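Two complexes follow with chain A in common, the first pairing it with chain B and the second with chain C.
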Partner chain A sequence: MGSLLRSEEMTLCQLFLQSEAAYACVSELGELGLVQFRDLNPNVNAFQRKFVNEVRRCDEMERKLRFLEKEIKKDGIPMLDTGDNPDAPVPREMIDLEATFEKLESEMKEVNANSEALKRNFLELTELKHILRKTQTFFDEAIHDPTLTDEAVGLLGEEIQRAGQALKLGFVAGVILREKIPAFERMLWRVCRGNVFLRQAEIETPLEDPITGDQVRKTVFIIFFQGDQLKSRVKKICEGFRATLYPCPETPSDRREMAIGVMTRIEDLNTVLGQTQDHRHRVLVAAAKNIKVWFIKVHKIKAIYHTLNMFNLDVTQKCLIAECWCPVTDLDRIQQALRRGNERSGSSVPSILNRMHTKEEPPTYNRTNKFTEVFQSMVDSYGVATYREINPAPYTIISFPFLFAMMFGDTGHGTIMFLFALYMVIREKALQARKIENEIWDIFFNGRYIILLMGAFSIYTGLIYNDIFSRGVNIFGSSWNPNNKTYSEHVLEGWTTIKVEPNETCFKGPYPLGLDPIWQHSENKITVTNSFKMKVSVIFGVTQMLFGVALSLLNHRYFRKPLNIFCEFIPQLIFMCSIFGYLIILIFVKWTHFTSKDSSSAPNLLIGLINMFLMTYPENDKNPSVHTFYPGQKGFQIFLVVLAVLCVPWMLLVKPLLLRHWIRHGQQRHAGTYYLLNGEVPEVVHHSDNDTEEEDEEEPFDFGETLIHQGIHTIEYCLGCISHTASYLRLWALSLAHAQLSEVLWGMVMSTVLRMDGLYGAFLLVPVFTVWAFLTLIILVVMEGLSAFLHALRLHWVEFQSKFYTGQGYKFMPFSFDNLMDYSLEEK
Partner chain B sequence: MVSCPVCGPKCSICCTVISLWGIIMLTLMGVFYQIHSPGLFEDIPLAEGDWEHHNYTISYIHEKYEQAAVNCFIAAGIYVFFFFFSFYQQCLNSRSNYETN
Partner chain C sequence: MSFSELYFNVDHGYLEGLVRGFKGGILKQTDYLNLVQCETLDDLKLHLQSTDYGNFLANEPSPLAVSTIDDKLKEKLVIEFNHLRNHCLEPLATFLDFITYSYMIDNIILLITGTLHQRPITELIPKCHPLGSFEQMEAIHIASTPAELFNAVLVDTPLAPYFIDCISEQDLDEMNIEIIRNTLYKAYLEDFYKFCEELGGATADSMCEALAFEADRRAFIITINSFGTELTKEDRAKLYPRCGKLYPDGLQLLARADDYDQVRNVANCYAEYKELFENAGSNPGEKTLEDKFFEHEVQLMKNSFMMQFQFGVFYAYVKLKEQENRNIVWIAECVAQRHRAKIDSYIPIF
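Entry: the complex of A and B
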C-alpha cells in the first residue's frame, strides 16, 4: 500500500518478449493496468508500423459493430449488458470474430436493401390506393351533384353540351407532399392562366418514407385541363414539385377493377414485409445479446496491437523489446502477469523484465481509492506533482472542506448538502450501475465524498456562527442575563429596543458553543461577526501558509538540497512569522486580555500593523487605537521589521553568491558539493542503444540567470505573503455575503407570512414555504456553494500550494483495459 | 393499471422530498414557537403599536407565539397530505416504469 504523501517510486524497465508470447503478455499487463509503455519508434509513421494491418482489421470490425449497434438502436431492442469483462481473445479468435461480423453485416445489408425495395413498392401501392379512393369521390360528386348540374344547365344551356362534345376534358392524378400544396397551386394557376381545375384531398394516415423511415403526410390531387399543351405543362409542373403521378383509368368500372387489384397486391406485400421484418428482428436480437462483449473484445485486441506497435523488434526478429515505466512495489505482480502470459501462449522461453537506470524524470503515480481520488484530481488539475514531491492531496482532504465551510457556514444548508451526498454515497453501487449519462450529475456524483465532507463541516461552522437558515438556536441559554436591578420592569417599560450594557448584565461566562444567540437580535450583529470572522480568516490563512512553508522543508530534505533550507526555507519562515505570525499573537492577546470594561481602550490591530512598518509610535495620543499593547512593544516591533527586511537580501543574494564562490574557487574540490547541493547525485547511467537523446550535459553555471531566478522567487514570495494574507479575507467576505443573503431571503419570503395574523397565514405558508425552499436550494445551496467551492479551490491552488508545490511532473498513464481509450490509426 | 395522471417520475420525487422537508421543518418551527424560542421573536405576528396597546405584557407575546405555532402545525399537516399524495404518485410511476421494462 503506497502512501499518499509522495508519489510511487517508479522505475524504467526493459521487457524482452518472445514474439509468440508478446500478445498474451501484453494482454495480461493490460488486465493488470500497472505499466506505462514508451513509444520506441516515435519517428515511424502510424501506417508503417508492424501491426498496422491488425489495427486496421480491428477498425473495420469496430465499424461493423457500430453499424449493427445503430440498427439495433433503431429497432429499439435492449442491448444486454451483463457487465462481465471477457479476457482479450487469442489472435486466432480474431478471424472467427471477423467472419461473424462479416456475415452479420452482409445479412443486415441485404435485409435492409430488400425491405427498402419492398417498402417503396408498398408506398406506391398505398398512394395509388388512396388516389383511386379519393378520385372516386371527386367523380361521384361531379355526377351526383344535382344542384351543380341544374345550375349549369339552367345558365349555359346548350353551350356546355357543345363544348363537352368538342373538347374532352383530360386529367392527371397524383400525390404530393402536403406542405408543397400552396406553392403548387399558385404555380399551376400562374402557368396555366387559371385554365386548369385542381381538386385535392388530404390522406389522413401518414405514410412512411422508405429511404429515411420518416413519417410524411401527403395529399392526393387531381387536375382537370383541356388540350395537350396544357397537359404537358401540368406534367412538367408536377415533375418540378416531385409529385408522383399515377395512371388513373377513366371509367368507373376500370377504376373499381384496378382498386381491387391494388388491394390484393397490398395484402401480399404486407405479408412479405412482415416476414422481412421478423427476419431482421431475429438477426438483431441475436446480435444484441453479444454486442457489448464483442465491443470489449475488439477494443482489447486493438489496444494490444496498438501497444505492440510501440515495441522495438530485435535484430533476430525473435523477440520484441519494450520499455515501460512501472511502480517499484509492483514489480512482482508484473513478473507474475508475464509468467501467466507465457504459460497461456505456451512459449518455452520466459519473458525478461530488466530494470534500467535513467536520468529521465519518471511519471508521477499516486495510488488512490474512491475516497481520495477526487481530492487527488483536484490537485492534479492545477498541476501534476513533480516526481516524488510532497503531494498536497492528503492535507486538502481536511483543509478544503474546512475553508469551504468557513464561507458556507449555515447548519441548514450544510444539512441539505450532507444528506444529498450521503444519499449518493450510500446508494453508490446502484447509482453507478444505472449509468446516468448526464454531465452535471457526473460532476456531483464524482465529487460525492467531497460534498459529504463539505456538508458535514458546514454543519459545524453553522453551529459556530449560530446560523440555521439564518436563524439562531438557543441551546445552552444565552450568557447575557440582564439582572433585575438595572433592567427592572420599570426601566424596560416603553422600550421596544434597549441597549444592553455588557458591564451591567450578569455575565455567566462565554456561551459554550460559538456565537451567543442574543447577537441575532442586536443591531450591531454584523460589526461583531465581521470582526470575529476577519480575525479567524487571518489566523487560518496564515496558519495554512506557514504549514505550506513547512512542507517545503520536507521537499528540500527529501531532494537533499541543504542550501535551499538555509537560503530559502529559513528566511521565508522568519519573514512570515515576524510579520503575520506576530499579528496572530496580537489577535489572541486582544481577544484574551481585554474585558468588556476596557474594550473601548483596546488598540486597533490594522493601524498597529501599519504603524509597525511606518515605525511611528505616537506617545501622547488621545486616541486609544494607536496605543501599544505592552511596554517595550516599540523596540520589539522595530526588531521584527528589521529582521523581516533583512530576510529579503538573504533570500535574494546568498544562494547565487555562494554558488559562484564555490564554482570559482576550487572547482575540483567542491564539484561534488555543488552536485550535492543541487540534489543531483551523479550516477553511472547505462544507456541502451535507443535513448541517445537523454545525453544532455549539465548546464554551465550562469550567475546572472541564477540571480534573476532567485530574484523572481524572492519578490514573488515577499509580495505573495502580504497579498495572500489579504486574499484569505475572502473567507470572511463570502461568509458575510452568505449569511446576509440567507437572512434577506428569510426576511422577505418566510418572515412576511409567519408574521401574518390569523389562520389564513397557515394556508399561505404552504406555497410560500415551497417557494422559499426552491430559492434556498437554487441560490443559497447551489450557487453560493459553487462560488464558495471556487474560492476554496483558489485558496488551495494559489495561496497554499504556491508555498511548496512545483507541480511540473507528468501523470502516469498505465496501459489498462479499464479505461479503454480509442486507439485508432489517426490518433497521432 | 391506471398510470399516474398528475405528475411524472422526476416531479413526484421532487414533490416528495420538498414535502418531507416541509413536514420536518414546519413541525420543528411549530415546536420552537410553542416553547417561545427567542430566535423567532422577529417572526411572530406582532403589529406595530399593537404591543404598546397591551402595555408590553409578556402574556401578549406568548399568545402571539402560540398563534404562529398553530399556523406552522397546520401548514405541516397540509404537507403531510401532500407527502402521501406525491409518494403515491411516485409509487405509481415506479410501478408503471417497472411494467414497461
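Entry: the complex of A and C
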C-alpha cells in the first residue's frame, strides 16, 4: 500500500561487473526488469562504443530474420507463436545462431534465384504460347475474312505493286505491358511515319512477374513492316518499351509444331517448378517454427549489448562500471540476480553493487498491478508525479468512477457497461492471447477495470436517481398516495397531469432508496432533481477539493516544509472553508430544517451567497428568499468574508517577506532557512564530501521572483476555488443531459409504439425496439459514456490535482526484456 | 489574388506543414561531425540510423557500396516527393512538375551522350534520376538527329516547347548535346520564372530569387567552361538564361569575356556574386567556385523557409535534400576510399 501512496524510494547504484560476467549479469537484470541504467558515455558516438561490433552482428542477424519472415509471409505459412520466452543466449550461442541464419539465408537465396530463373523461363514460354495462339487468329483472320484481306491489300497494295512481288512483309511479334500500349503505338506511328501495321490482343490471364511476384497484365502485339531499316527501328522501340520479342515462324505448320513444342516444355517446367516450390516450402516451414523464438533471442542479445555500451570501462580493463537507478526495496533481488549471473558465467570475482548518494532527482516508480495500472496511467498522462510526492492514483480508483457515475446515473446503461467490462475481465487471458490489433479495442480492453467500476457505480447512482433506461421502478411502493378526500377518482380522471400537494397526500415517510418513483409522473420532476443534483455536485466537489488541500498538507509534512504549511496550507484551508465549507453547511441546514410545510419560505442559497459577499442584508423584505437562516447570521457571515479576504495577503506576502527577513538577518539562521525553504537539511548531512559544491549550486534568493511566483499561486488558488466549485456543477449538467436524452429517446421511439393498440403495434414493436436499442447503445452508452469520462477526467486533472499535485517527475524506465518485447511487437 | 495567403492553407496547408516537417529531418552540423569520424561505411550506416533516415539501409546486406547508399538516398527523396506530388492541388501540382523537368533534361542528355558512346540503354537507365523519368525515356536511342529526337520522343513530353530552338542543329555530337542541354535549360528556367511570376505573392518573391540565381550561375559556368572550345561568342550568348540579375547588362559583358579574369570583373559589378568569386580558387584550402555557388544556393534555400504561404519551400526542400545527398555520398566516398584529406569539403546545411 505504501508504494501506491508514494512512489518507490529509489537509489542510485554503482555496479562493478567483471568483464566476463557482465553479459550474464545484464541478462539476468533484464529478465528482472527493475533497474534503469544511465548512459555513462553520452558523448561517444554510436559507432565508437565498445560493443558496436556485436550490435552490428545483431543487426545483421535481424536483417536475415526479417528476410526470412518476409519470405514466410509471402508463402502464407503460419508462424508458430508458442508464447514461451527463451533466456538470452550466451555469447557463444550467438555464433551458432549466426551460422544457422547464414545457412538459411543462402539456401533461401539460392532457392529464390533458381525459382526466379525457372519462373522467367516459364513466363517466356507462356508468353510465347499466347503469342502463337493470338497471332494464329491474326493470320486466320487475314485468310478467312475477305473484307480484311481486301482492306489489307488496299492498305498495302500500292506499295506491294510498286515494289513488285519480290518484296515481302516482315513482322515481329512480342508481348508488352498493357499500360504501355498507347505510348508504344504513338511512338511507332511517329518514328515509322505510319508505315507499320500493328495488331494487338490482350492476354486474359494475368502473368506473374518473376522478380517481384506481382500479377501483371500484358498484351500480345504483332507488327508488320517492310524493309530492314524499319525493322531495326521497330526493334529499338520495342527494346525501349521493354517489350519482349519472340521468334514466330511464318508458316502455319511451323507455328503449330512450335506450339506443341512449347506446350510440352511448359509441362516439364511445371513439374520442376512444383519441386522447387516444395523445397522452398519445406525450408520455410522449418524456419517458421522457430522464427519467433529467434527474433526474441536476437532482440535480447542486442538489448544486452546496447546496455553494455552504456557502461564505463575501468582503468584496468578488467571490469565494467555501470550506474543505475533501482528501488531500495528490491536491492536484495538485484543482488540475487547478479549472483545468478556470476554463477552462470562461472566468474570467480563477484559483482559489486554499491549505493551512491546524489543530488539528482530520482525517477518516479509506482508499482502497479493489472488493476491499478490503468488508474496510474491516467494520472501519469497528466504528469508523472514528482519523486516521492503523494500519488493521486489510489484515490482516483474510487473517486473517478463515482464522479463518472454521478453524470452517467442510469442503472440500465450502467448494467450494459458493467456486463461488457465483466466479460473482458473474465475472459482476460483468452482475449489477451488473441492479440487483437485494433486501436479502439485496445483502449477498451486496457480500461476494462475502470469500465467495470464505472458500470457498477452507475448502477448505484441509477438506483439513487431511480432511472433505468429513463424509467423509474417502483420497488418499495411509492410513499405518495393521493388522499381519497381531496383527490377522488372523479378529480383524477379529469386531469392528465396533476400537482400533488405533499401536505395533503398521504405521506408514509421517506422512500427507502433514492428518489420516489412518483416523481416520474410529476410535472416538477426536473425542478426537484435539478435542485437535488446541483447541491450534491457542490457538496462532492467542495469535499474533493478540501481533500486535495488536505493531501497537500501530507506533502508539506513529508518534504519537511513547515513554512508552506503556515503560509499556504492553513490560509488555503480557511479560505475554502469560510466560503464553500460554510455553503455546504447551509445546504444541509436547508435540507434538514425545512419540511414540505414551510419549504416555500426557505431562503435561497445562491442569493444568500451573493448577498454574503455584497454584505447586503435587507431587513424587511417580503421575499422569503433573502431571509436569513438564523439570528446573528449577518455578523457571522461578515466575519467569514473578512477572514477569507485576509487569507489572500497571508498567502501572497507572508512567505516571501519572511524569507527575505531571514536571509537579511543573521547567517546563524541560515541552516534554518534552508530547512524551512527546501526541507533538505536532514539529507544534506549524509553526503558531507559533496556538501560544499552543492551549497554553491543553490540559486541566490531573489525577492521579486519569489513574490511573483507566490502571486501566481495565490491568484490561481483563489480564483480557482470559485471557478472550480462552479466547474463541479458539470456533474449536475451532464447528469441532467443524460437523463433528458434517454427520456426523449424513450418518449419519441419506444412509447409511441407501446401506445398503439392491436396486432399492428405488436409487430411494429420488433423493429422499433431494435432502433431504440441501437440508439441507446451508440448514443447513450458509448457517446455519453465517453463524454462523462472526459468530464470526470477533467475534474480529476484540473479541479482535484491542482490542489496538491506538481507532477514534475520523470518515469522510471527499467531495462526489461518484457518491455522490449512489447515494444518490438508494437513496432510491427 | 491579393488575399491568396488567406486561402493558402485550404489547398496547400497540409503539404506545407509536411514539407516543413521533412525539413526537420535534414542532417545538422553535429550529424556531419559524427559522420566524418566514421571509419567504415557500416559506421556511417549505424550513425544514419540514429537520424531521420532511420532504417533505410537496414535491409541491405553488408558490405555496403557507396552506390547503394546513393540509390537509397535518392529513393527516399523520390518517395517523399511523390507523396507530395500525389496529394497536391493546382497550381502546386504544376509547380512540382516544373521541379521534375530539370531532372528530365539531365536524363535526356545522359541517355543521348550514352548512346553516342555506344553504351547499351539498359546500362544507362539505372543511372537516370528517378525524379525525371518519363515513359518514352528508354526509347531515346532511336533518334540520331535533334529533329528526330523531337518528333519521336520529346513531342509528347512537357519538354517539347523548350526543344523548339534546338531542332535546327544538324546532328548529335558532344558539342551539340551540350548546346541542346543549355538551350533546354535556358528555356526551362525562363518558363519556370514566368510561371512563378504569374503565381505572384510570396511564391514569386522567393522563387524568382532562387531561379535568378540559378540562371546567373548557369551563365557564369557556361562562360567559364566555354574558354578554349569551338563555341563562338554569338552562340554562347544565345545560351544565357535571360531571367537572372545579370540580364541584360551583365550578360552582354559576359558574352564579350575572353578569360576568367574578365568573368570575375563582371561578377564584381554585382555585390552577391563578387563575394563568391573573391575567395574561390582551386588551391588546397580554398573552396572551388562550384562549392561557393552551392553554399550560396543552400543559403537562399534556407531563407526560403523563412516565408510562409508560398511554394518556394517545396523547391527549397528538394534542393536542400539533393545537397544533403551529395554531402553524404561525398563523405561515403571519402570513407570508402580512405581518402580523408578532403572529407571536410561537404556543405553543411543547418
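Going forward, the second predicted complex is superposed on the first by the 692 of 828 C-alpha atoms of A that agree within 3 Å, B and C clash if a C-alpha of one lies under 4 Å from a C-alpha of the other, contacts with A are read in each partner's own complex, and residues count from 1 in each chain.
Assume a contact is a pair of C-beta atoms (placed from the backbone, for glycine too) under 8 Å apart; a residue touches a chain by one contact, two chains touch by 3 or more.
Given the structure is predicted, the values throughout are model-derived calculations rather than measurements.
By the touch criterion defined above, A:520 lies against chain B but remains apart from chain C after alignment on the C-alpha atoms of chain A. Once the two complexes are overlaid on the shared chain, A:47 sits against chain C while remaining clear of chain B. No residue of chain A contacts both chain B in one complex and chain C in the other. Residues 18, 21-22, 25-26, 37-47, 51, 55-56, 67-68, 70-72, 74-75, 78-79, 82 of chain B are the ones that touch chain A when the two sit in their complex. On the side of chain A, the complex with chain C involves touching residues 45-48, 52, 55-56, 59-60, 62-63, 66-67, 180, 183, 186-187, 190-191, 233, 236-237, 239-242. Within the complex formed with chain A, the chain C residues making contact are 34, 37-39, 42-43, 46-47, 49-50, 58-62, 121, 135-136, 138-142, 148, 151-153, 155-156.
Note for the complex: chain A touches chain B at residues 471-474, 478, 492-494, 496, 517-518, 520-521, 747, 750-751, 754-759, 761-763, 765-766, 769-770, 773-774.
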